[in-house]
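Paired with chain B in one complex and with chain C in the other, chain A is shared by the two complexes that follow.
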Partner chain A sequence: MNAFFNMNFLTELLLSTIRMATPILFVALAETYSERAGLVNIGLDGIMSFGALIGFLIGYKTGSPTTGILAGALSGVAINMIYAFCTIRLCAPQIVYGMAINIFAPALASFIYRLSFSDTSTLIQGVSMKAMPIPVLCNIPVLGPLFFNHIPLVYMAYLLVPATAVFFNSTKAGLNFKAVGEFPKAAETLGINVVLQKYIACVICGALAGIGGAYLTICYTSTYSEGIVAGRGFIALSAVIFGRWMPSGVMLACLLFGFCDALQIRLQLLSPSTPYQLLQMIPYLCTLFVLAFFGIRKSGPKANGQPYYREER
Partner chain B sequence: MKQRENLMKVIVPVLSILVAFIIGGIIMICLGKNPFQAYGFLFSGAFGSSRKIAQTLVIACPLIFTGLTAAFSYKCGVFNLGGEGQFVMGAVASIFFVTKSGIGGIAGILLSLLIGAAAGAVWGAIPGILKITRGLNEMIVSIMLNYVATLFMGYVYTTLLRDGSVPQTFAIPDSTKLAVVSKSFPVHWGVWVALFLAVAGYYFLFYTSKGFKLRAVGLNSTAAFFNGFPVNRYVLFSFIASGAVAGLGGSVELHGKQLRLMGGFGQGYGFDGVAIALIAQLNPIGTAAVAFIFAVLRKGASTLQTGMQIPTAVVDIIQALVIIFAVAGTALLKLPAIRQYINSHMGKKEVTN
Partner chain C sequence: MKKTMKTASLIMAAVLTAMSLAACGSASAPTTAAGSSAETSAAETTKAETTKAEETKAADSSKASGYKVAMVLDSSVSDGGWGASCYQAMVNAAKDSGWETVYTDNVATADFTTVMTDYAELGYNLIFAPGNQYTDAVKQVAEEYPDIKFALLNGTVETENITSILPDAKQIGYMAGALAGLMSKTNNIGFIGGMELDTTKAKLECYEKAAQKVNPDIKVSSAYAGSFSDTAKGKEIASSMVSTYDVDVMFGDASAVDTGAREALAGSEGRYDIGQPGDLGSADHKIIICSVVTDNAALLKACMKDVEADTFGGKTIYGDLSNGCLSIGTFSNLVSQDIQTQYKEIVDQIKAGTFIQ
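After this line comes the complex of A and B, so read on.
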């Protein structure tokens, strides 16, 4: 029991909270951009798994984690373009298409993985990203290792939060972007190219979700296995709702879910006699409880999830 | 006009299946394999003998159940993505019942199937209740419950009902195995239950007033509400009913095929069910047909792997392409421009009146 109050345990827990929250944060921000333009994308899990594979594969072949992450982002965009074309141009139902991506992308990922590594049954060890301590700041006791000794992607994720907030609230482009999600017809009459904005949203969404997936294989495990995403896309989706479509709220929600993930891993190490399945349920149950107690009825962008027929009056 | 729309509803899925097969063939050419030979292997693996056809039907069985689960809930306008969790919980409840109660024979099977369906219904009711009372997104809730159910099943087969050193449960008693049609055609009668449910579901949705109201809620819940339909009650009912179907499916799979729980039980069946229902345009009978096609692909995939060293994942891709094309095709037909084109070029007579 002592171990619980151990300082070391606490810092470890907080440290891994920040690390575990990072992929969810990337993906939740991806969804924020998408939903702000009126596109509910529940295919995040699929995009993540494809980004995870391509990131891993390219990282492994080139030996450079940065290239891997970039490739992950690009592959995320590529997959999301299917969703974008079908929901924006064809006005296909967004939920259904998100599901289609969720089924298609993991299948494609496992197919490519099997083609690339068909002759080996052992786990392939890929590249992993090195930590980049921030000079001076990382020497502060306790806070230094907690906040200033991470891999670059972690900084990037958390810096994206204020950047997104500024973009949405204080720039013309951001306000235009939001207008598309609130009332596309009015936006169009003001000369905003609604269709283009929606495509831009999909590019951003795909890239961030792809990075979130690549984070898992390059920064978190450095191996690839099927099911590595483990529902994080859906957890990110609930983080967006729980965070009420605001970057800061979304970040807090992600930290909470990251904390649950970190906690269950720590608890597994602390008490090996407890069946690990029960501990692994923690993040999912936490998501459920948080939503049940703090979830709100509709309060997102007004035109969220609706198709936009340009010619229709 | 109506007739043409119905025709389109059949043409779109059939065409998407064809196109997906063609793209699958192109992928095989890229791998340096002969696609005709490969599809030959695939179909002979699925239809080569009466035994193989029976095995294909047995594979189709759980897919029909989860497909009906998805179709039934979407018809009411709610997205129950929790088919997998409900399927698993049905099987878990059944294995507890048959291993702990000691009731065997027909009575044991019937009770166990009932309990499985009840467990699925309870698991399916949770997202429904949370949606109605708290306004929660049913998709997220049901997905989270899938993970909880799978982990709980893991707890059951590694700890609670573990059979010795292997991480799996005890097998169900012999007397509670589902009987098969005949030795040469080993199809357990759970398949007939699935087919019966498909027909019954079709009848309910399209030929009863309750089914009509359920579809009305799905098409426009506001209009249904102002017509005095108890919208929330129908939403909850569709969750419970679809959960029960999935739970029954899990129970049937346990008694008919797997006979015990172990890792991977039911994995992916929920999402496959969603895909199947969407391709079948939420028609229960169509769902059974598409489930059978998926089963053919699955059964054939293993022969493809052993016969031609083509990874089974190619079949997953074909399946995924089918859904992408089918959904896009349906959406395409609804576009204002396309509608206009169809009306003006093909249905002149109908337009003039």
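After this line comes the complex of A and C, so read on.
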């Protein structure tokens, strides 16, 4: 037990938490944007896989991690546009098409992977993004290496949280955005172009989810394997509900999940006699518990999940 | 809106007719048969499947024996671990014997019997199921199709048309543990498992025993990733082992997860990994000091010879050091000459059964 109070153990645990929470945070923010505009996108897992592959492929071909990340974002947008067209233009059920993306995108990703790299016995190594310590701040005794010595994308993810909060609560564009998800008819009468806003929301969602996926194959590890997403898209979905559609809540949810996951790995090492399956349940039990007590469905955008018919009376 | 939908559906119908005409006109009958049956089975399943009908003709066309082997895999063929090595084994064995190969991967557990039945219906002579988890499905389909032969890797079933192929998990564990014990300077070694399969448990037990026989002060830490494909998890587990316990040699039984572990080890000095089941290292590799190589191809080739000679079934083919199916991989230059000689002596003892009584 005294291992717990070892400073090194705690710092490693917190570092691990931040690392493991980042991909979920990207995707959860993506889903926040999408749901605030009234579109429930459960195809996040699929978009992540596709973004992971394209990011890995482009990074491998060009040798530049930044190009890979950009490619991941663009590919996420491309896949999400299919969802956008079907749900906004054709007003199809959003859950069904989200699931369709979940089936279609990972299969497409593994198909492209096999076309580009024929079957090999080891995984191909791609590019890797280097950590970028912030000059003065990273020398602070305890907090320095913890918060200020990360890959640039990690900084971007955590800076996006206050940026999103400011956008939604203090800017006119953000308030219009939220109005589209709350009561699109009223927004339309005030001259807000509801359909365009929804498309913009899908673009943002696809880009961020694609970056989240590309983060996994460029920054976190530098290989692509078919199960690399491991259900993180669905965890992000629950993070959005847990965080009550507010960026700060979403960040807390992702950090909590990352913490439980990092803790679970370390607990496995510390007590080898406990069946590992019990310890692996910890993150999910925690999410269930918090959702049961703190997640309130009613606090979401009112017109969430409903198709918008412009001509409806 | 109506007009665009109409033209769109007309175009789709035209494309589909063109595709089906092209498929019917093709001379390769097995390809289309496999393709169309795959379409129907894909329509039944909800999980994504990739089916590829590969006609691997032998280099010498006179060796093409007209036999066909099919593999059913629940993970992916390009996972850099178990799936990839089983696929390579099948392709290599088939190339030498002049067989054709086909595989279906990413098959969900509920669909094992469906896919195997489809291949049996298509007349594939040998169906290869690479893992203990296929046992029930293989038993079920083998009963219904007594003329089709089944090779079950890591299985324990023997019937008229099922042969089990059993690489010796204990010897694999001993080999890895002995090398880890010899190479570790911090007296802490690690093991990553995927799921808690019987073979993984056996490998872990023997890993510990062998390491402690070589070096009584060794401590082993182990963790299970719970998945065979979550590379990121492997990286986390390895880096937490290194930071919490100062582990310097690791061994994994979890395909893609091990690749993640190797990435974490690459970030620090003096951390090594032992690879399996293929020969993953090389002389100048900085991380993989050696591999425990399982020659699944030789085992499969023995099955194929049996099918051709009609002596298949009713036995278990063991793969261990004595028949060459387990072997030491390529040493990296990081392993000194006298550790290499010591290790080779230990492996001979394992082969003779005298290493651990």
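Assorted remarks:
The working rule: the second predicted complex is superposed on the first by the 297 of 313 C-alpha atoms of A that agree within 3 Å, B and C clash if a C-alpha of one lies under 4 Å from a C-alpha of the other, contacts with A are read in each partner's own complex, and residues count from 1 in each chain.
Note that contacts are C-beta pairs under 8 Å (C-beta built on N, C-alpha and C of every residue); 3 or more make two chains touch, one makes a residue touch a chain.
Being a predicted model, the structure only gives us computed values, none of them experimental.
When both complexes are overlaid on chain A, chain B and chain C end up clashing with each other. By the touch criterion stated above, A:Gly191 is placed in contact with neither chain B nor chain C. Looking at the shared chain after the overlay, A:Ile241 reaches chain B, while chain C stays out of its contact range. Judged by the touch definition given at the top, the superposed model places A:Pro141 against neither chain B nor chain C.
Of the two partner chains, chain B and chain C are each touched by A:Arg114.
Shared-chain residue A:Tyr97: touches chain B; no touch with chain C.
Of the two partner chains placed by superposition, only chain C is touched by A:Ile265; chain B is not.
When the two structures are aligned on the shared chain, A:Leu285 is found in touch with chain B, with no touch to chain C. When the two complexes are superposed via chain A, 308-316 is the only one of 200-208, 308-316 or 326-334 in chain B with C-alpha atoms clashing against chain C.
In the three-chain superposition model, chain A touches both chain B and chain C at residues 103-104, 107, 110-111, 114, 230, 277, 280. Contact residues on chain B toward chain A in their complex (touch as defined above): 31, 79, 81, 130, 134-137, 139-141, 143-148, 151-152, 154-155, 158-159, 271-272, 274-275, 278, 311, 313-314, 316-317, 319-321, 323-324, 327-328, 330-332, 334-337. If you check the complex, the residues on chain A that touch chain B are 42, 82, 86, 90-93, 95-97, 99-100, 102-104, 107-108, 110-111, 114-115, 118, 230-231, 234-235, 237-238, 241, 275, 277-278, 280-281, 284-285, 287-288, 291-292, 295-298, 309, 311-312.
Of all residues in chain C, those touching chain A in their complex are 46-48, 50, 75-80, 84-85, 87-88, 106, 196, 221-224, 226-233, 235-237, 239-241, 243-245, 256, 259-260, 263, 278, 280. Across the interface of their complex, chain C is touched by residues 3, 8-9, 12, 16, 19-20, 103-104, 106-107, 110-111, 113-114, 117, 119-123, 216, 220-223, 225-228, 230, 261-262, 265-266, 268-270, 272, 276-277, 280 of chain A.
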